[in-house]
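Take a look at the structure set out below.
Labels for the chains are A, B, C, D and E, by order of writing; each one numbers its residues from 1.
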């Protein structure tokens, strides 16, 4: 099992090699080394999967050393290998490998390509720490580590201040979540006297369901997850994070890092099961995010922004699943989402690459013929995300929807609405980019090199077939994926729906989806409508949507501005007008007194004598009175 | 006693040496003679002897203070060699006057009769009036002398009035008898006696420049020749406190509560005025004058604590204070010469750059005055505060501490000037070997007495 | 006798006031001499012949003459020194008056002073004082010689005109 | 002579004290009141003498010769002081050609 | 005895170095001495000495010269002796006035600091406490930046004011001790002071430490002083001298006036937390790198102050760990700020930007230090801060929440600083900027390695603290 150590160490090694040797490495060396190491890591992960399977155990812990050991606070630097972490490891390393390889092509020619791969490797390392940690603290190390890498990679092109701003925003919003997370960990620790998963979960049963403590713990942990997984209200960083290179968006902001929150909640499923209030909160937040982000996605014109909002929205679905207690379903959606969203981003990258850096979909069009591979893979991913069978998205999303229906048909309706919107904006994207005429004259798009297209193809295959990992009973499957996770994740068992209802629901959604797709086709291909330019006045609602409901502006007005003015106020008023002068004025006042005292010494003997006589008089009176 | 007699004789010898044309022998002979006095004083150590019908009582207290003052005077005399070099007339007389003044201080440390106190003060004061006016044709020296004289006489009158009243009540000038006389009232002293005591205390307070009887001191310090100022700041102050403590110690302890309270007020005012007055001072001599007032406040605190070791603390404090003050005056004179006779603090500008070692010694001494460890000034303040706090005088101690903070400001203001760059240096500062040696000896003394603090039980 | 006491007292007070208030220094000196003579009378009343004599010699004979000399030598009589401002003068009178009142209040004999020794009319006589002086008070007597030497030196230093140093112009104001 | 010697027994001590306080106050008033230095010196003399008288009175009252001796010393000191004081005054007159006390105000602050 | 050596090496070599003539010789000697001291310190850590050093000092006041160490002092001494070689190195190759004197003062500071942390006697402690201040004052006064005169004077008076109250407290305690009075801490610790007295005595003692740390609202001397200070001065001030306050508070308050601590605990914790937020928020809008670092330091120290007064095991261990980590981080940051100043001539943000273009390694090291400062996991800062917040949490959720805000706020301004200094396009004026040289590596790499190393392997430090946490257990 000690093989597990290799999984994070290999990317770390890659980070060190590419990082320290960044001046020496030439051409694609860094990329190749980085990709190879991640690939190795993937191979090790797979090996581990089989080893664990053959050993017959559900989990194994690998302890590296004792990190902190004070009093009852005992935090080993240890890894937990179980079904959940293995799944995540394979996703991270697997998708990671593909994206690394893709990046060799994508980043080719960038002057800081070595840095890029170093940071990517560092990210992979951190992400692996996150998913492998055997306790909350190690998880937190990875959690913050990925935040750092995200920060670094979003601001990879550091010369652009806007990118740097986006990077900082991402980091800080994550930190807000992290504060909640760490407080949650602390409350957890002081409740259970441990932060190690196995020990915590063992003792969790002793707590009463719905007790304040557990609710508080889960809520605090949830705050962390909201930040990391870009949920309302902490989602605004993710669209901005698209400032980073596209592979970064694919790896970090679609496939892996943003799903850390889901992973964490799934990991803590035992705790969450004890806190129904929290679960309800999660449902509300997840659903709201899913719909809200999807609506915003409708009006975005930047190819990556559309995908970003779709990511937020999909994350919302995962949260919905979590809130419904269907943790393994959520993880399943994480997996399929990793496939198709990575694919979408990489495809978008390919498009951007082909368009010479252009990201505005209004300036694209007609790329179907010029970028056939990209088109086909992108199409596969679009179908997947829209939930068209038999693409992977269908399976995962349908499971979420049916869970929602079990809970409350109203939820189902809303979730389905969100899915329809998703379908609409994805097809809008697809049509605008690949169909119609090329709307920019002087660009000659060409298909990307093999090093980029091969990962696309692999991912396309995964997106298409990934759903079969978890075939529902309805279709005669055994829910392989979910049951695999059962040993690590305790999903709430709801009432089984009867197959007829389920069938009906699927049929309903499929019909609706078909209508939506047709509508999109009608609008963007037949009528060849192109979204209006930025200068055109839109109707109020559309304008609001196009401006992302002014959430950024709202945050700026509610948080940034007041903080800034508070800062100015504290400095200009409190520090400079009260505290500093308070001290200075004591000094100045003393100085004035000193000057006055000096003035007493007038140089005139008569005055001195007067003063002495006065002194004597006063002293006589003084001693006679007392 | 033999020391006293010898010193008087020494003064007369020095006076006659003035007929010799060779002025440079004056300083060595005076200093050498004082060394003999020193030895003679120490000879009596450990014995308590009364002389002339209990007029004076020579005990360890007086010997310790005498020795301390003799040492300081020797240092001043050694400095005088350089200081009086350019002066042609009356040099011998000035030395003699200082020696006579010193004999006055001996009386002030050893009196046990108010007459001796009175005479001691006068024997000290009259030479000082003259010394202060030593620069005959300097208006400022004149003024200093005259102010000192008028106010000193006035204070003498008050002092005498006090003695008269006390005498009237108790029919004696002999302090132990006065003490018994006071004791019989059980704390309910009649007003006449109280006022008499108050006047006596005021007379002494004038000498130690306690507010509000301090007015003479800044002006006189400034106007008097620097050497005399040094003498006043060190020996006279020491003598004043010795007399003060002796007066209280053998005459008045335990203090009548009214007098004690009056002294508290005085202490308070002295600390306040001394420190505040120094705060915005630009003339270095005046600064030291105010600083002397401020230190008086601290010393009064020690006196008022009425602790068994108050005397030792006073001795230590006055000695190390003197030790730190003398090199500062020397450096001041050197700097003054290098800047056309200016007396402002800013003459120290560029000292660090020009003569770093001198600057460092100046800083050590300033730190001692400010009371910063490991200099002896700190140890002295520490002991004083200990006495005060031990007595339970908490608020006044805190007040003293606040004042000490202000004190730190103005001493460090000087230090700051030392490090300030000077525009252009006009004259090079010249340091004779003897002066350098004096500065070094005193500074090392300041450090050594600080690090190896001692206390002579007296 | 009592009459004499009050007469002398009245003379002293009045001449004392003259000293303070008369415009011409000469008049002041003369008033002071009168005052001192009256004081000598008091000493006699107090049976202190020795003091009376010494007082007359020292004060009236020496000190006051010295004053007169100085005044005449320096032509001080004609030098017009302006009076202090009326404010200051009022303040001075108030301060003096207050001091007087306070002292009167303070020195009231609120307790009985017991004479230390049985009454003797001899203590003021030269022999008695002499005995005390050369017996009990020998040391102060000798020591006061130091005082005189100092004073002499002082007078000499200040009085003598030195050849080397010409009078310097007074330093500038505020220097 | 007998009358004279008994004066102290007839006249209450308070009256002496009162007289001396009066004289002392007059001297003090003079110091504060006048600008002429020489008169200030005289006032100081007056003050010293009032003390003398007081001590003499007490001395007589107590029949203690020590007081007489003390008066004697005060006289000595007064004489010495006057000598010094007048010489300073002469020097001052020489330097500034005035004995106005208010001219002595160069040293201040 | 070995403890005495720790004190004497810097002291004697400090005196000796003042007489050196050559610049380089003085520096080499000073560094050699500092490194020797570091080696001895490590030796002491490896072979803990049980017995201290004791000698008669001032007999009549019953004051001994006694040195000893426990877990708390070991941390402090290690930090001191660890940082000083770097402090001295930070002067290498730079044109400075009167180098022998400067190095002499630095070494004397080191000696005094060692003394402060080893003294077992309050009087001795106080003497060293003041002694440490004086050389620093001169370092700032002579080698400081603009406007140094008034700022240093203010700094000096301010800190001294606090110290004098401490002196008052020491004397007060001294005369409370039974028999022939003594100022030994052991005697102080056994005093049973009435609660009423403790409540006021607490502040008398605490003010000195509060100013030194500084705790809100006693901090106003700090930002201008740090800004003006020379690099070496700032490294000493921020790296070690602030820790004196913490050490002093641990040494004095908890064992001697436990009831006072108990009484004022919430007040000080809240002051600390106010300090955290206040300093952080103010740092947002600061446009000068050094001032921003100063405020960040204050924010951290404030958190440490709050944690100290929570005084449970996590908080105190975290505090002591943070002492190490903050010392190292802030020293590195100030050195980096000095480099920025050297390379560009300014530390004002509006004149900076885009240094990464020309000096990428510089930017990376800067970033690592920044990350250490904002307590990223696997840097030393995280361990300390996590434990302190844990400690705060044990007391109250709200304490932890407000204390934890430093995580967010710190990230906001430190990353802003990083962005303004390093990121952005190439500015034409910085065309000539070069990357780090060898000296910079020698100084920065060990410090940064320590930042990360302690973050990954913090346990040795905790073990060191464990040797004798007795002083604290006494308080509870």
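By definition in this document, a residue touches a chain if its C-beta (ideal position, glycine included) is under 8 Å from a C-beta of that chain, and two chains touch if they have at least 3 such contacts.
Everything quoted here is computed from the prediction, not taken from an experiment.
Chemist: Touching chain A and chain E alike: which chains?
Modeler: B
Chemist: Taking each chain's centre as the average of its Cα atoms, which is closest to the average over all protein Cα atoms shown?
Modeler: E
Chemist: Which pair wins on C-beta contacts, A-C or B-D?
Modeler: Pair with more contacting C-beta pairs, A-C versus B-D: B-D.
Chemist: Between chain C and chain E, what is the separation of their C-alpha centroids in Å?
Modeler: 69
Chemist: Quick one: report the Å distance separating chain C from chain D, using the average Cα coordinate of each chain.
Modeler: 3
Chemist: What whole-number Å value describes the gap between the mean CA coordinates of chain B and chain C?
Modeler: 29
Chemist: Taking each chain's centre as its mean C-alpha position, how far apart are chain B and chain E in Å?
Modeler: 42
Chemist: Please output the residue numbers of chain A that touch at least 2 other chains, ranges allowed.
Modeler: Expected reply: 587, 598, 601, 603, 605-606, 609-610, 613-614, 616, 620, 624.
Chemist: Send over the residues of chain C in touch with two or more other chains.
Modeler: 84, 88, 91-92, 95, 99, 103, 105-109, 113, 115-116, 136-137, 140, 144, 147, 150-151, 154, 157-158, 167, 170-171
Chemist: Note the residues in chain D that touch 2 or more other chains, in rising order.
Modeler: Each of 13, 17, 24, 27-28, 31-32, 35, 41, 57, 59, 61-62, 64, 66, 69, 73, 77, 80-81, 84, 88-89, 91, 95-96, 101-102, 104, 106-109 in chain D touches at least two other chains.
Chemist: Can you give me every chain pair that touches, using the contact definition above?
Modeler: All chain pairs meeting the touch criterion are A-B, A-C, A-D, A-E, B-C, B-D, B-E, C-D.
Chemist: Quick one: which bits of chain A touch chain B in the complex? Just the residue numbers, please.
Modeler: Checking each residue of chain A against chain B gives 587, 590-591, 593-598, 600-601, 603, 605, 607-609, 611-612, 614-616, 619-620, 622-624, 626.
Chemist: Over in the complex, which chain B residues touch chain D? Could you list them?
Modeler: 115, 118-119, 122, 126, 129-130, 133, 136-137, 139-140, 142-147, 149-150, 153-154, 156-157, 160-161, 163-165, 167-168, 171-173, 218-220, 222-223, 286
Chemist: Mind pulling up the chain C residues that touch chain B in the complex?
Modeler: Residues 103, 105-111, 113, 115-116, 135-140, 143-144, 146-147, 149-151, 153-154, 156-158, 160, 162, 164-168, 170-171.
Chemist: Mind listing the chain D positions that touch chain C in their complex?
Modeler: Interface residues on chain D, with respect to chain C: 3-11, 13-15, 17-19, 21-30, 32-36, 38-39, 41-43, 45-46, 49, 52-53, 56-57, 59-66, 68-69, 71-73, 75-84, 86-91, 93-96, 98-100, 102, 106.
Chemist: Quick one: which bits of chain B touch chain C in the complex? Just the residue numbers, please.
Modeler: Listed in rising order, the residues of chain B that touch chain C are 8, 11-12, 15, 51-53, 55-56, 88-90, 93, 96-97, 100-101, 103-104, 107, 115-116, 119, 122-123, 126-127, 129-130, 133-134, 136-140, 165, 168-169, 171-172, 190-192, 194-195.
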